[in-house]
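Some structures are shown below for you to check.
Each of the two complexes below includes chain A, the first together with chain B, the second together with chain C.
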Partner chain A sequence: MPERVETDGETRYRFLGVEATRREAVALALGVVALFAVPDVTRLSDSLQLGVIHQGLLFGFAAVGLNLLLRHTKLTSFGHAAFFGTGAYATAVLAKYAGLQSVGLLLLGAIAAATVMAALIGALSLRHTGLYFALLTLAFGQLLYAIALGQSALGGSDGMPIRPGPANQPLLLGTTFEPAVYQILTYYLTVAVILVGLFVMYRITQSPFRNALDAIGQERTRARFIGLPVRRYVWAAFVISGVYGGVAGGLYAVVRQYVRPEGTLFFLRSGDILFMAILGGFRTLVGPLIGGVVLIFLQDVGQDVTQYYEFLTGVVLLVLVYGFPRGIVGSFRSGGVVSERLGQLRREPSAVADWARSAVRTTERKAVESLSSLRIILFGVD
Partner chain B sequence: MAGTLETALVQTLNGVQFGFILFMIASGLTVILGILDVLNLAHGELFSIGAYAGIGVFGFVIGVVGPPSGVLGGVVFVLAVLVSVLLTAALLLPVGTAFEALFLRAIYDRDQVYQLVLTFALLLILLDVKKFVWGNTSLRTDAVYSAINSIPTSELVGLNYPTYNVFVILVGVAVVAGLFWFFDRTKTGRIVRATAIDREMATAIGVSTDRVFTLVFALGAFLAGFAGAMAVPPTAATLGMGTNPLVLSFVVIVIGGLGSLRGAFVGALLVGVIRSWMITLYPPGEIAAPFAIMALILLVKPEGLFGTWGETA
Partner chain C sequence: MLEARNLRKSFGELVATDDVSLEFGREDGELVFIVGPNGAGKTTFVNLLTGFLSPDEGSIVLDGDDITAMSANERVDAGIARSFQVVKVFEEMTVRENLRTVVLTERGKTWSLFSMADGHDDVERTVDDLLSKFRLDDAADTVAEELPHGDRKLLDVAMSFGLDPDYLLLDEPTSGVSTREKEYVIETVVEVGREAGVTTVTIEHDMDIVTEYADRVVALHQGAVHGVGPPTMLETDDELRRLLLGVGE
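Here is the complex of A and B:
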């Protein structure tokens, strides 16, 4: 049962090693209930599809892994699809060529493959930081994409089914199921994996290891001076984040029963995963997961409405970068843009007029500024 | 025996030709990275816009000039093609300027991840702008390629090698020479380099870094457009054509050293030639070979062959 603790004059609840305020605890409980309720809710409306939300959760889970690097070590990996794809392809290869049938074994295989891959790529690309690191991860990710595209054993651009034959279904609990039942069962498997994964990530963020990573992210040289093994720690964080990607990829392969290079390894997927972390709020733990569901859902809706949905995604990204840099969860949290504004509104409804005035002023100033830079570009300073 | 030698020579020349195209893309990317500290993920899209726009400009200019006939006609035609390429590249100048002045300038002082996300957003937007303007099918222009190939060059020395590729190599040499001249000898080039070495000091002696940044970004866009227009005649313009050059440019930058123009030149030729050799020696290795070199360089000399840029071009 939850146990009450008083820290810094605040009542907090502790349960299974997770400590939270009352508000956070309620949000957490609601979130878990919502996760379990998804298959029932999607039955109510045609616009909600279990498959879409499931896929969003899987990519979001990979983004949770990426976030460990982004949030603490300030390293931006632009090649996280490499681990997602490694997990997915490892699952497919093990099922097709090694004859493994059980989902559990396939996922273990995905984890092993992603660990090895992350260790390798990490060892090479962590020699640099900043943009150089982003560039290297993107390059290695595209290398894997090109390899999957070129090898006929991996199905080339067509991809490969994870188990050949009519059933084409890995065994869950030693048996095969009806497709609809299989979808729901694998969904609950994903939920279980996500809850465990989030819990592990939470424990990591409560550990000294996280403090070390934060120190490294702020100032590497100083971190080295106080005796932190910087290289090894960052490498470990990279491998952990890769494993999250690998697990997500393995589950993706098990759920979709088919892997394609375009859908798992392409660098736009890496961009998506990074985008999810930012969209949800990369300074939070669950933000990337929420970002994943929202992004995949928006892309799915966008694809129905227009063939130019990449454009829409790009515009949403721009709005995010300029307007809501802290993401969805970050903006609603106390101190975020949205929650600040809501609080203001509750205290003083006339604040709306002030905002409108300041918005007009800002637009005016920006217009004048851009006109003058245009003049400078065209005619020079004098 | 002569046959193998000739194949080897032709493959090497192919590699050199591809290397020059790659240099045009990578040089812009590396200079932007070196000075603005921005990794422009949309650079590949600028390249492919150059290719698409180039097809239109080629069609228009060649419609005016007509097919080549005789020696004089040949010279006029080659000049017309050059003018078209320059025009296409000039079209990208305002695009690059707008990119920097409108979008990037606002977020220089923010976390680097936002810059990456921003250029990624612009990549996605440009991807669909291309789809909207030029459609989802691939476009080609065969007139330029076949017309230039009908002018004999390599045949004169008994080699069977397309004249267009010779043209690309010659133009590539000119671009390399021009860039080094610009950064080594001109005042603007030196100002740009001074900004790369020490941004604050440059501001202190009266350099407007804002203008340098815009200039460098516009230059990068210009070079990418130039490369696109030069690369498109033998192949076709497709929506996804920007990705591979972008990633190979990354490889080139890592091999040559961040921001180093000389490094980009050596790296581009190295990647081009080795890739081209692999096609005959061991085809499956074509994709992996540049990355293998990159991994080797990372292990042996992580700062790249020529280190950082600034003191010398």
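Here is the complex of A and C:
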């Protein structure tokens, strides 16, 4: 049962090492309920699709892993799709060539493959930091993409199907299910994996290991001079974050029963995963997961509305960077833009007028600046 | 004993460390000050000892073992800690978290993925102890980047001290600190160092401080050792006075 702790005059609840204020505990409980309710909710509405949310959660889970690097070691990986793809392809290969049928074993295979791949890519790219690190991860990701594209054994650009069961039927716990039922069952499998994965990540971010990663991210030189073998720690974090990607990729393959290079390994996928972490709030634990669902949902809706759906996600990214740099979850937290503004609004409703005025002023100023730049570019004079 | 044997380091044409041989810690808790004009190679020398740079020639010997090839973090494990002239602390952490991170590392607990960072009682006790020794209790929950400069300097030194070193190398712990705070910083450092029997090697520009606290003074000039002796050397050695203070020119 949850245990009550009083710290700094604030009541907090502790359960399995997870400590939360009442507000956070309620948000957490609502979040879990929402996760479980998704299949029922999506049945009620045409615009919400279980498959879309499921896919968002899977990529979001990979982003949760990426976030360990981004948030703590401050390294930006542009190649995280490599591990997602490795997990997905490992699952496909094990199902097709080794005849593995158990989803549990397939996922273990995905984890093993992603671990090896992350260990390798990490060892080769962590000699550098900053831009060169980002470029190296991007390069290794593209290498894997090219391999998947070029190998006929892996299906080339067509990709390959995963058919664990007899007669091409999906198999879970040794039983075949109708596609609709299979979709729901695998969804709950994903939910279970995500809950365990988030719990593990939460514990990691409360541990001394996190202190080491933060130290490295904030002042790398000093980290060495307090005795931390920096590269070994960053490498460990890189592997852990890769494993999250591998699990997500393995689940994706099980759910979709098909893997393609475009969908899993292409570098734009890496960009998406990074975007998800920032969109949801990379200073938070669950932000990247929510970012995942929101981004995939936006892409899906955007595709229905216009063929230039990237425009939509581009605009969202701009709004985010200028208006909500802490991301969705970060903005709602105490100290975030949204929660600050809501508090202000409660105290003084007339504040809205001020915000509107300031927004108009800012837009006006930006417009004048842009016009001025344009004049200078076009005519050489302001 | 920490020894530098014929250390040499140059950057292109510039010889920053020129055949320097020195010994520190013949007696435990020795307080050595390194003095010299700008560009004398003081920081380079500390960088060589601590593994920030590797020497072109010569060796560094710790208690009879050659540690020249050791990496910076291995030297910390071997008992050599340092602070930095420009404060290098973990800026987004509070003072307490900074010290906790240091002590967790020193105790080899940073590989623990599932224990609570603040749940190690022995670590917390040491952190509290460091906070009070360095008079940082009041600032314990302040984020490092928001600390006043003097406290930042103290935190930097406290972090090196939290590594439980045998040798502590401090690169200008009082630089940029107001005259009033200077005494406070150096007194704290000296007091804590003496009590724990740590051999402290400090680069210092303020000759009043050197005269008041030094057991031994090392003077460097153009990368080479100009002289080693008691603090009275600062009064008696006219050549040194001219170098340091521009007296007699």
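Before moving on, here are some points about what is shown:
The rule we apply is simple: the second predicted complex is superposed on the first by the 355 of 382 C-alpha atoms of A that agree within 3 Å, B and C clash if a C-alpha of one lies under 4 Å from a C-alpha of the other, contacts with A are read in each partner's own complex, and residues count from 1 in each chain.
In the analysis below, a residue touches a chain if its C-beta (ideal position, glycine included) is under 8 Å from a C-beta of that chain, and two chains touch if they have at least 3 such contacts.
If you're wondering where the values come from, they're calculated on a predicted model, not measured in any experiment.
In the superposition on chain A, contact of A:L58 is made with neither chain B nor chain C.
By the touch criterion stated above, A:L295 is placed in contact with neither chain B nor chain C. After overlaying the two complexes on the shared chain, residue contacts for A:V38 are found with neither chain B nor chain C.
Touched residues of chain A were counted for both chain B and chain C, and B has more of them. In the superposed pair of complexes, A:A148 makes contact with neither chain B nor chain C.
Using the contact criterion defined above for the overlaid structures, shared-chain residue A:T313 touches chain B, although it does not reach chain C. Contacts of A:A118 after superposition on the shared chain: neither chain B nor chain C is touched. When the two structures are aligned on the shared chain, A:V103 is found in touch with neither chain B nor chain C.
For chain B in complex with chain A, the touching residues are 33, 37-39, 41, 97, 101-103, 106-107, 110-118, 120-125, 127-129, 131-132, 136, 208, 210-211, 214, 243, 247, 250-251, 253-254, 258, 284, 287-288, 291, 294-295, 298-299, 302. Residue ranges of chain A in contact with chain C, taken from their complex: 17, 203-204, 206-212, 214-215, 218-219, 221-222, 224-230, 233.
Residue ranges on chain C touching chain A, taken from their complex, read 50, 52, 71-73, 76-77, 81-82, 84, 88-93, 97, 100-102, 104-106, 109-117, 120, 159-160, 163.
On chain A, the positions that touch chain B within their shared complex are 70, 74, 76, 78, 124-125, 127-128, 130-132, 134-136, 138-140, 142-143, 146-147, 150-151, 267-268, 271, 274-275, 278, 282, 307-311, 313-315, 317-318, 320-322, 325, 370, 373-374, 376-377, 381.
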